[in-house]
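Both complexes below contain subunit A, partnered by subunit B and then by subunit C.
So, the complex of A and B:
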């Protein structure tokens, strides 16, 4: 996608210096041309997209395909259509206005324009790890500017919450998305000469989904839920009155959330809690809602056991889990990721949450899970994964490179107060002389916050990794406790209805 | 000194001013307070301290006394921080040097005693008649005793008048006398010569220099006997001091020696993964980077070493001196792509990595190692992906200890590095564990690179045997012997 983005920039860059001395009309013309060229190029590059997208909307037998093409195909579309279209009129007119009165600024921009892409080039190099360049999102941070006007405010808010990890976790995001979609559906009115089943998905739901995807790649559970919802909408009776249809959809969504997530969680937790016996030491990694529920239920049941929470930077989710378990009165041990080998010896059971269970039995979960499972496997500690069937996926993956998500590398930076925090301590402990000595090198030395200015330095912050199936003893889902090899069967049963 | 945090540098500075007992105490407290930590600073500090102990101005050493003394000091140091194995290693190396010096003399003496088999064993040295190093000054291994010069004239303030006199006189005869002419000769010549000198050599051990030697024994006027006595004592001192200086030199060049083999191990466009901010690894990679382009994934070793790791990546590794602001160039400035990753991402990326390079805290005799926490997770991930794990370690980190209880070897760090103390409730109720080291089993390691070259982990026991005396492996066993003797 980045390749598609660049030609447009080049095109603009090539055009602008020619135009810059010229009159406004000429310039506007050139811009139009550039726009057209860009559009053409995008359409050319994603030539197969429109049919694929249509397929996604209407042909529901090819669910899997649509899921994949959703990601490939709609990305550029989303970028190509909503962005240039609304902002073109607004943004570029304002450019013209700005350029109009002060023609002197024009040459400056003309000069800046050719350098801009060249600047962009190394910058891109500087932040992207080539090995994983396919995983970098087109748009890193969601910004509300340029978002399609169709996106419902509830979805907008949700997008921001998701991108800041306020709503985090596959099932939590799925539930939140469905609830936001409920509001979005209620706010929908069918245009005159079409019907709800035909129009709702492609014209109303798609922008919402694209926006959410731009905030953070969709979780597998969200994908499954979207597929289910689309199918449901398309299968609606077109003659049904609009408000009835909408009410029905909302009910169905509620039912889905209830059946596939809330009750399921309950079932899984009550099944998994039996794996925890008196005196056992349960090790868990990061934070999984379902693991938390399991542990709390086992605790309420009166089982005496202790919990080891392994945690890792940058999200430190485990700390939240440890806090909630601690408040519930459990005996909790909290270990940074580096201490993993150390605590594994004491563990008798490893409970893991999942981002997704892949069809080849592998587990996709928070990065670091694979190491935990591997270590447990080597130490002969059983690894049990708790996962709702809604997170089961038809995808397969062999390693964590092809299928992953890259979070913004800025998250890896230590919070900026931590950096000066070194200095106050130096100030308090050292004499005035020392401080001045300390400050000088500190001024010279770069901190990690300058990372993007260092040519060959990259920060890599993957979100997930893939745990090989042989490390997993058991997957507990609402269909029962199954080995990882049964994941594709359960997936077919649960998500494809066959 | 005022207002400076105690560290290796301040300790080395203070070593010149303080007397020996104070220095030992200071080092012990620094070790206990972890103000000197990690293998290299500990090793450097130990060599300097033992050098001072051996070179103690008032003392005349014979080998056994010196062994007892160094052993005693060593035991105290090891007891202060048993997990800094480098301290124990250096103590053992120094003890080994002493024993070697003693044995060399013994050899030359026993050679000489074939003829004079009467061997008038006097004094307390019943087992080791040859220990007084009468002849080692002639040994070609030992130069013309440059050390005593430094030792005695270097500290004019501390030496009392008697010592100055005592220390000053002996070397002069030593240098003036015909030693120089013998210096070039082989050991056999020395031993031959010693036949003649033998009675004279023994005499100083007997309490008073009686002057009963036959006058035919060559140039030995009674004036020289005092000189001879001093020579003996000084000699072992000087040789041991030389040995310790060699050790110090070894510590200085160990990284460069390891780095020499960098090009044998890193090929172009390789993807390497490392962990922590080890100087040794940085130097190794820098050497490779001058010739070859590769990609480095650097795991940050949170929470104990991540700041140093970040600083190393951004600004280059710190130079030799712990406190100096002098830094090496960062790898990025040599065109190496450095990718900083959190520790948890190691498994995810391992399938694309060609080589893992680790720096140990200590290497154990069976080929396993102690390294910064997280290393065993990395090594295990590497093993499952069949990625070779290379460990760069100076010989000084190689410890003759076998891991019987691996838990015992691991030290726990400050929990506030994981969760700050401000979060009182959490701190209070949750057991926060922050181990500093990980034990990595030998079967996870594919190759050791030391300053001696590359070795399989299974070969390390031989290097241990080369560097440490069997007698010294268990420092505390020595204590029992000493107690029994005492």
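So, the complex of A and C:
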């Protein structure tokens, strides 16, 4: 630990003269990262054997030494250059990603399987799917223990609501976050010897953001909003009286929510509803607020059509959509995911919501969306994505492995633990591989609820998947209808040009 | 809108649709969007307006009139949209001296028309590199810009008119009895011009496209409009030619001026926002169409929100268009360079935001 601490100190000393808040923050981040790595290193040091799946097996010990140094060298400097994802993604995961497989993710795996890879810590080992180990949150916050004292009560409450999916959906989370930040900003007082633009972001806002991130990884929209807010704060005139500055910020936040989400939703819905014609059958998957709005508007307009809601476990969000559409008097067909191929034959249009639109035109959305889009593409049904530009992202992903979120696997379990052993082959991971149980007779007596103690069984509960751009016929955003290839153009225009 | 009386009475006197048709007839070199812009400028010059919003209002009124008066307004709407956007961005900037700004605009508009005509030559300059020695080029008739491109390719390399580039051209000609005579004479003129330049030209009926496809090296077509996703709207038969080219893995190029980029996003053939009488189911009792119309007349994409085809009647035979999706198009040759279909939306966003 101490050995690792030193180089960072040196780097710090060298950089001391030019200190700007941004740099300070970067440095703090780098240090944190180094510390965490060191900690992991030590934990794993008892006896590391990298998993066999890892090709870098032999080089590992060598890398361990050189890797650490080079990481420290890299730390501050890597931060210096513009990061593609500063602070919007889960800090822990993104940091691990950044460090690359050679340095940081290794210790994580290492600690899982010591020299005797057998059953020393079978529990830990069992809960993580190794391919996706970089996605697991270091610890998903179950309660409020250890939360920084700076976190505002409104943000505290919001964090709990988000982690229990009470507030779900990336726009809703974004709006709720901004509203909570408004309260947090109002509660802020600038300490003496500093000014609001210099102090607010790094000392008051960051703990709030870190806390929210520990509740659930931040959505792309939240990242975009946070970046916008930070930029706004930093550009404030330092001589402005504090209450004026705070009022201004709150006003701007209101304006942002109004312009980028409320009005935008309206605009998208009224443009998307024209795609619904008389006699169409609109298929949708899970629940998207904006798709719901579109369908309801088309219905109010007097268009005669029916809706097919495809839904899947574990969240069963489609149920709520189906209910609300039924209440509005629409003809709704509610189908489980397994009935997808059957209902796709009748569909004339697929409307999808988005978690995020990535810069290569791919869609990140609720897990299962890719299959729906694939099926629609094969059946030649047009797939339309409704997405506010605040959800557009500069990131690029080719698969669902690099960017994703892993929800607690317990969500996959059915609620009654008394059930006779659910055969685990029924559990299929998102990557398509089947996890099967050992054939030992003893295991048969266990139910899926004991999954963490069953050797060779993993549960995986990814939240999102990535839909290739070829399957998407049109993206409707507030800038009109664009092909998925124009996502980067709109992103530049909307999120970076502001 | 409290418009002064003289202006509104002038409005009635000025017939935008007639002007548009006259402009188009007077100059055979003019494309539909440019003709639309020119007639809007004429309308603007004829009608006194004193404020920015009055001018904008007038233009949008004229545009609506024009669109409703023409059976297939896709192509011309590219021009009117462009003009409107140009007006908005320019008039709002020049708030101070309105009269001057307006005159400037009218003059600039003329300049735009000139430039649009010149674009054809620029495109031909880009496009001729796509025609090489020994190539066999497949094209369908009616496009002036393709004609210019092929002529340019035939003439290139030495000034005597006998170019070193030797290629062959297959023209798809539909000799329909009801065909558009203007277009047919244009095709004939193009063919004659090529033959004069020692380029062998074959004429085939549309039914023979698949038969010829094996000997073809590349296809060139024009476009009435290039839509937002990079697909094109063009005369009937283009889609089928593109499909056949794709099936035979031959490159399929669209040659089009960038003022034909139109803010329309069709998802399929029946999504163009125009009424076409192509598929006409009949029984012994007569056409099914009359009954059907009553049932579904909402199957129309909105362009600018207004009812587009009110009072327009369906297209005359020979004027029908189809939509070619972007996946069948290898490249779009414009005066700004050769674009992939996906770049069209980028260009449009640049214009609009």
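By our rule, the second predicted complex is superposed on the first by the 346 of 498 C-alpha atoms of A that agree within 3 Å, B and C clash if a C-alpha of one lies under 4 Å from a C-alpha of the other, contacts with A are read in each partner's own complex, and residues count from 1 in each chain.
The rule we apply is simple: a residue touches a chain if its C-beta (ideal position, glycine included) is under 8 Å from a C-beta of that chain, and two chains touch if they have at least 3 such contacts.
Being a predicted model, the structure only gives us computed values, none of them experimental.
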item	value
Subunit B versus subunit C as contact partner of A:198, first or second or both or neither	neither
First, second, both or neither for A:378, with subunit B first and subunit C second	first
Touched partner set for A:240, first subunit B, second subunit C, both or neither	neither
Which of subunit B and subunit C A:486 touches, first, second, both or neither	second
Greater residue coverage of subunit A in the superposed arrangement, subunit B or subunit C	B
Partner chain(s) touched by A:320 [first = subunit B, second = subunit C, both, neither]	neither
Subunit B-touching residues of subunit A, taken from the complex the two chains share	129, 131, 312-314, 319, 322-323, 326, 331-343, 345, 366-368, 370-371, 374-375, 378, 399-401, 404, 412, 414, 422, 429-431, 433-434, 441, 445-448, 450-451, 454-462, 464-466
Residue ranges of subunit B in contact with subunit A within the complex	2-5, 297, 300-304, 306-307, 310-311, 313-315, 325, 330-333, 335-349, 351-352, 372-374, 376-377, 380-381, 384, 407, 410, 418-419, 425-426, 429-435, 438-439
In the complex with subunit C, residue positions of subunit A that touch it	274-275, 277-279, 303, 382, 384, 473-474, 479-483, 485-486, 489-490, 493
Residues on subunit C engaged by subunit A in the complex (per definition of touch)	228-230, 263, 265, 267-268, 296, 298-299, 301-302, 326, 342, 345-346, 349, 352-353
